Amino acid sequence: MGLLEVKDVNKRFGGLQALGNVNLSVAENTCHAIIGPNGAGKSTLLNCLVGKLIPDTGSVMFDGQSVLGRTPFEINQMGISRVFQTPEIFGDLTVMENMLIPCFAKRDGSFALHGIRSVMSEGELRDHAEQMLDDVNMLDKRNMHSASMSRGDKRRLEMAMCLVQNPKLLLLDEPTAGMARADTNNTIDLLKEIKEKRNITIAIIEHDMHVVFSLAERITVLAQGTPLVEDTPENIKGHPKVKEAYLGEAA
Amino acid sequence: MFGLDKKDASLLLIVAVLVAFAPFLLNPFPEGSAMAQFNAGYPDLMQRFVIFGIFAIGFNILFGLTGYLSFGHAAFLGVGSYAAVWMFKLLSMNVLPAIILAVITAGIFALIIGYVSLRRSGIYFSILTLAFAQMSFALAYSVLTPITGGETGLQLALDDPRIFGSATTADGNIPVPGLFGLEMRDSMELALGGWVFTFNFGYYFCAIIMLVAFYLSIRIFRSPFGMMLRAVKSNQQRLNYTGLNPRPYTLAAFVISGMYAGLAGGLMASMDPLAGAERMFWTASGEVVLMTILGGVGTLIGPVLGAGMIKYMENIISKINSDILHGWFAFLPDGLEDLVVTMIYPFIGKGWHLTLGIVFMLVVIFLPGGLVEGGQRLARLMGRKKAEQPKSAKTEPAE
Amino acid sequence: MDAIILQILNGLDKGSAYALIALGLTLIFGTLGVVNFAHGALFMIGAFCAVTLSKLLTLSHTVIDETRTDFLGNPLKVEVPYVYDVFGQATGDAIIDWAVPLSILFAIPVMILIGVVMERGLIKHFYKRPHADQILVTFGLAIVLQEIIKYYYGANPIPTPAPAAFVGSFDFGALIGFEPGQIIYPYWRLVYFAFAAVIIAAVFAFLQFTTFGMVVRAGMADRETVGLLGINIDKRFTIMFGLAAAVAGLAGVMYTPINSPNYHMGMDFLVLSFVVVVVGGMGSLPGAVLAGFLLGILESFASMREVIAIIPGINQVIIYLVAIIILLTRPRGLMGRKGVMED
Amino acid sequence: MSKGNLTRRGVLKTGAVAGAGLVLPTYLRAQESGFTNAPTGSTVTLGFNVPQSGPYADEGADQLRAYELAVEHLNGGGDGGMMNTFSSKALQGNGILGKKVEYVTGDTQTKSDAARASAKSMIEKDGAIMITGGSSSGVAVAVQALCQEAGVIFMAGLTHSNDTTGKDKRANGFRHFFNSYMSGAALAPVLAANYGTDRKAYHLTADYNWGYTTEEAVRTSTEAMGWETVGTVLTPLTQTDFSSYITPVLQSDADVLVLNHYGGNMVNSLTNAVQFGLRDRVVNGKNFEIVVPLYSRLMAKGAGANVKGIFGSTNWHWSLQDDGSKAFVQSFGTKYGFPPSQAAHTVYCQMMLYADAVERAGSFAPCAVAEALEGYQFDGLGNGPTLYRAEDHQCFKDVLVVRGKENPSSEFDLLEIVEVTPVDQVTYAPDHPQFAGGALGTCNNGA
């Protein structure tokens, strides 16, 4: 029984079968990559996991509980954090404030009316957030206006915001999209470090095979909304069906 | 001090001092002098300054922090006034129950309207609030006349029950609102040389409440809740995926700001026990938007400044008529005098709306941060002259 | 039955004005992404174009008539319009009589000019600013415009009648078998309806069948792509703004005989027309037109005595009520595209 | 009367000689004069609170003209206007009680809040001893209540609702203008005489207090003449296009349409009604007629040719030929170049009546002035012999029934007087049901 169990999920948009009978199992403490050509349904699947979309049929179980019908914030409270393809951070807030918000969410739940207490008086949470910032080497930037940072820093901040919640499952949506090679390698190192340090389960959607093969322990290949194969990276590399799917796309 | 950091505490202190000495500060010109026209230190206007300050502070908690632009906030002010006047009619002329009921009623009203309106955001939210407020106005002006007094407004009468107070005063008049025997209109005048300063009990009562309201708003701005509200404005998607539900946060902000409006309405009724439906018209909601923007949206003190500026224009500038103008420029040769008066007249006196519109546009175009930003720019300009300070990237978004 | 037919006519007539204003509002929103609170003021300025022209046409010199006296007992000063001197009294009267239709010719260039100046001078700088800022600056502009008009024309309504040829009513009922006089409708209101239909059709045809319109429509769908194609979309958008201003202005010109214009007529229509746009769907031109007529008809029915007897005050709130219901149940409006400001 | 340290409007005054830092209570103004804003110097300040922005701004402007004229006359300038024809000869042309009249102006914006704010500023800041003006009943009632509370006299401007001197009457407030009841009582006989007693009326009524009282008044009066009311519909204040309210009239068997509208509402509803050809209709064998209970020349101008032949009532019209009216029109017309409106006339009268009452009372104290006005009979102000009734502070005088003129000779010559209804016909008992509820209370000197 994996941490995340997707069973027979179907999703149609009008005449388009976006997902057809998807089955997926992500085991605890592994890094599981989902790859596939454009339009394979990777993003749709991800959206079904986090509550943005509801599958037409099938079930999605996380940690023994169904996520279907729950809103994104409820699913986050269950322990799933998501990193977006383009960094989604609170641009009007400082880096430190960006970090504090997930800390509050973790401690107080989805809503708490602390209207009088001062943010400054939350020593414990602040220490926690600073620790995390230190882990991603951003402590010196904590008072910066987050919108004014570089894209790479925004990405690191977003990742830190997800990690500070100590999620059971971290979902990464093309975390290196549009990055230069050096940055990509840095990200890979960061993710590896996180994984080793924190014993965290990661599900990653990625185009870049270099990233996938450096990180993933299991790989699921999606094509036209259906999983083709699921296997270890070594086996996937030479798999004829995978080649066909990617070549088919190229042709 | 009071759980505020040094900067906020000194801001609060400055505001408290300004408010306490307002009767002096607003009456800088001696009685009877030509400039006395510009004095604003009389009770009614001073009360209005602080009451609309409260209204704008509350509006800013919603608009400044969450970015939700409500175009129907005056409805809560109106509801608050109606509730307060009804308390005066039914219960007693003590202002405390009236103000408390005003806040509660406005809060409930805000909860209902907010619950529905906050299901949408952006322009849709604005239109929804506008629609609710316009409905409130239209109904209050017409079919609800038995409750609201309609066109003439809800006012006190000699035959009101007032179960905990006397229906009439000893000399056969309607009693006036007060606080345990002290009447809101009690005033003390101090004449110093040519100056006359008026210290009005009602003003100081409102001023203390305003300071409390201001203090609370600082606390809200600096609280986790305030931070969440700014996060709502900044990126709702991220907030959702961070495990936070934006809806109760925005609703709480909406209700709190509605209660501020109700408080302002209750105070207005306490200073002047009449509630009119025009208070709820959409242009009245537009006015508080103007105040907040003029002063500086999202800043702590801006809304209060904006409220003061608009009320000053409405009450002082609008009263300058052509005779007064001719008086000012009498020293000029006749033809020139007429010319100058003709050029200025469209903008003041009855043309004050025009000036307001122009000032407002200029602020939105050039000073999106309002008067506060203007002040900061000025200060920075001065500061740079003094010493070439290193440019710091540090900005305080909520200052 | 006849009552219902009449209310539908009323609704269509009111709807014409709503639709015309909402059409311009949507054009601006759809092309430029700007929420224009000054659009009502453009409608009002259009109406005052008609007022101005009729004032210009009746520009007079005074002749002292010794045989009559004025209210103070002095010899009466008779105003003789200059057009009498040029065209003679009969033709002069006819020209003055036709002032409103003539104003169309006057209003088109004026309104386009105002629109272009507004866009280049002000709105242009607000494309990148949040909607709230756009609302605020155009709201300020609306106040300024209406105060200027009030300064020059006063606060009271100014009568601007339709040409004598359009005075009176058309007997619809007789046409379809009712008793004469049962279903009658004023000629000018029918003219207004027809005029609105022509303008709406013209705008749609313009967008549908010209290259210019095609680019604009593409721009409405995806601004960046069109920009990438190297088409100077900004210039076209300026023209669109002028066009929208002209549509609002013409709606105002033709409206003057129905209700005497005053300086705040724009604000009176503004809130309503926004509701119309939102109900129709932000950015949807057919939606704006449809919602305009629909709300006009609903408003007319809600004002019937029989309806008010059941729900008192419904005539006061019907429009807002409909807006609230639509927004809550179908946020993108009746015909709005999915995903356009749907939230 | 001691309330700790705070005494109502107590004044602590130090002479400049006494020096700063030493604050000595030398005297209390309140105890000295006994009323709010007692004039101490050689001048007296009056507050003119008129709409300067908003839909009634033009009427407000005309009122201001009349006020300026009245001030000029009271101070001995100009030709004296109606001071010469006024039956009381107490006014000397040397100001009021020898004090030169000065004034401040405020903008009511035709909103009760704004009106009260500007009235308060005139009382509190400028020391106005009397407030006057206004162009709507909502404002009049609101300001009247304020003046009662503050202890100054309120001389109402244009306010026509029964409530002003009915359920919302106040001891410190006085109304010269006529009211809804009087409109109905004056109109009904004229309507009966012209249109017959067998008529079916349909009312469109503005959905607010003034509309309600006017509809009630006209209905009661016309029904007493034998008319039948077949329908009444309330129309929203913010309505601009009345077509959907007018077409049902076509469907009913009504042969008279009564438009209980004022201002922009009246202009639009009348214009729309004429557009729909109501005036060309023949119903029940009779010509269809339209009635506008409250006419104003400024509004008639907005409706243009549509007013022709339509009956209504008005407080006063410049074409009246009595000495008072002629004198007023002469002096107003000479100064401004056009004839005054009824709004201007009523406020000019109010100024004269106030000044005269102060002279006769020998004091500015509101209670003394009120006493001088109560039950006061006068003449020469354009409406014939008039009584300021003590019970409700309403003036009782002749009411004009007017009709839109068919061939106006100028833009001011829009109405013709059909009948001057004698005062007896429009007088009612103070406890008349239309005026029931409310009480004057006692006059308040404030201070």
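Letters A, B, C and D mark the chains in the order given here, with residues in each chain numbered from 1 onward.
We adopt the following convention: a contact is a pair of C-beta atoms (placed from the backbone, for glycine too) under 8 Å apart; a residue touches a chain by one contact, two chains touch by 3 or more.
On a predicted model such as this, the values are computed, not experimentally measured, just so you know.
Visitor: Could you compare the number of C-beta pairs in contact for B-C with that for B-D and name the larger?
Guide: Here the pair linked by more C-beta pairs in contact is B-D.
Visitor: Can you check how far apart subunit B and subunit C are, centre to centre, with Cα atoms defining each centre and the answer in Å?
Guide: A distance of 35 Å separates the two centres.
Visitor: Between subunit B and subunit D, what's the gap in Å when you average each chain's C-alpha atoms?
Guide: 32
Visitor: Measure off the straight-line distance from the CA centroid of subunit A to the CA centroid of subunit B, and report it in whole Å.
Guide: Here subunit A and subunit B have centroids separated by 46 Å.
Visitor: Provide the C-alpha centroid distance between subunit A and subunit C, rounded to the nearest whole angstrom.
Guide: Inter-chain centre distance comes to 52 Å.
Visitor: In subunit D, which residues are in touch with two or more of the other chains?
Guide: 53, 57, 207, 234, 236, 238
Visitor: Scan subunit C for residues touching two or more other chains and write them down.
Guide: As it turns out, subunit C has residues touching two or more other chains at 316.
Visitor: Quick one: which residues in subunit B touch 2 or more of the other chains?
Guide: Residues 138, 142-143, 353.
Visitor: Any two chains that touch count here, so list every such pair.
Guide: Here the touching chain pairs work out to A-B, B-C, B-D, C-D.
Visitor: Applying the document's contact rule, which stretches of subunit C touch subunit D when the two form their complex?
Guide: 2-3, 6-7, 9-11, 13-14, 17, 68, 70-72, 76, 150, 154-159, 161, 168-169, 181-186, 188-189, 257-260, 262, 264-265, 268-269, 299-301, 303-305, 308, 315-316
Visitor: In their shared complex, at which residues does subunit C touch subunit B?
Guide: The contact residues of subunit C facing subunit B are 35, 122, 125, 129-133, 135-137, 139-144, 147-148, 151, 267, 271, 274-275, 278, 282, 312-313, 316-317, 320-321, 323-324, 327-328, 331, 341, 343.
Visitor: Report the residues of subunit D in contact with subunit B in the complex, numbered from low to high.
Guide: 3, 5-14, 16, 20, 23, 29, 52-53, 57, 64, 104-107, 111-114, 116-118, 120-121, 124-125, 136-138, 141-142, 145-146, 148-149, 161, 163, 168, 207-210, 212, 234, 236-238, 437-439, 441-442, 444
Visitor: Per the contact definition, I'd like the list of subunit B residues that touch subunit A in the complex.
Guide: That would be residues 3-5, 216, 219-220, 222-228, 230-231, 233-235, 237-245, 248-249, 252, 256, 393-395, 397 of subunit B.
Visitor: Quick one: which bits of subunit B touch subunit D in the complex? Just the residue numbers, please.
Guide: Residue positions touching the partner: 39, 42-45, 48, 138, 141-143, 145, 150-153, 155-159, 168, 171-174, 176, 181-183, 185-194, 198, 201, 272, 274, 276, 278-279, 314-315, 318-319, 321, 349-350, 352-353.
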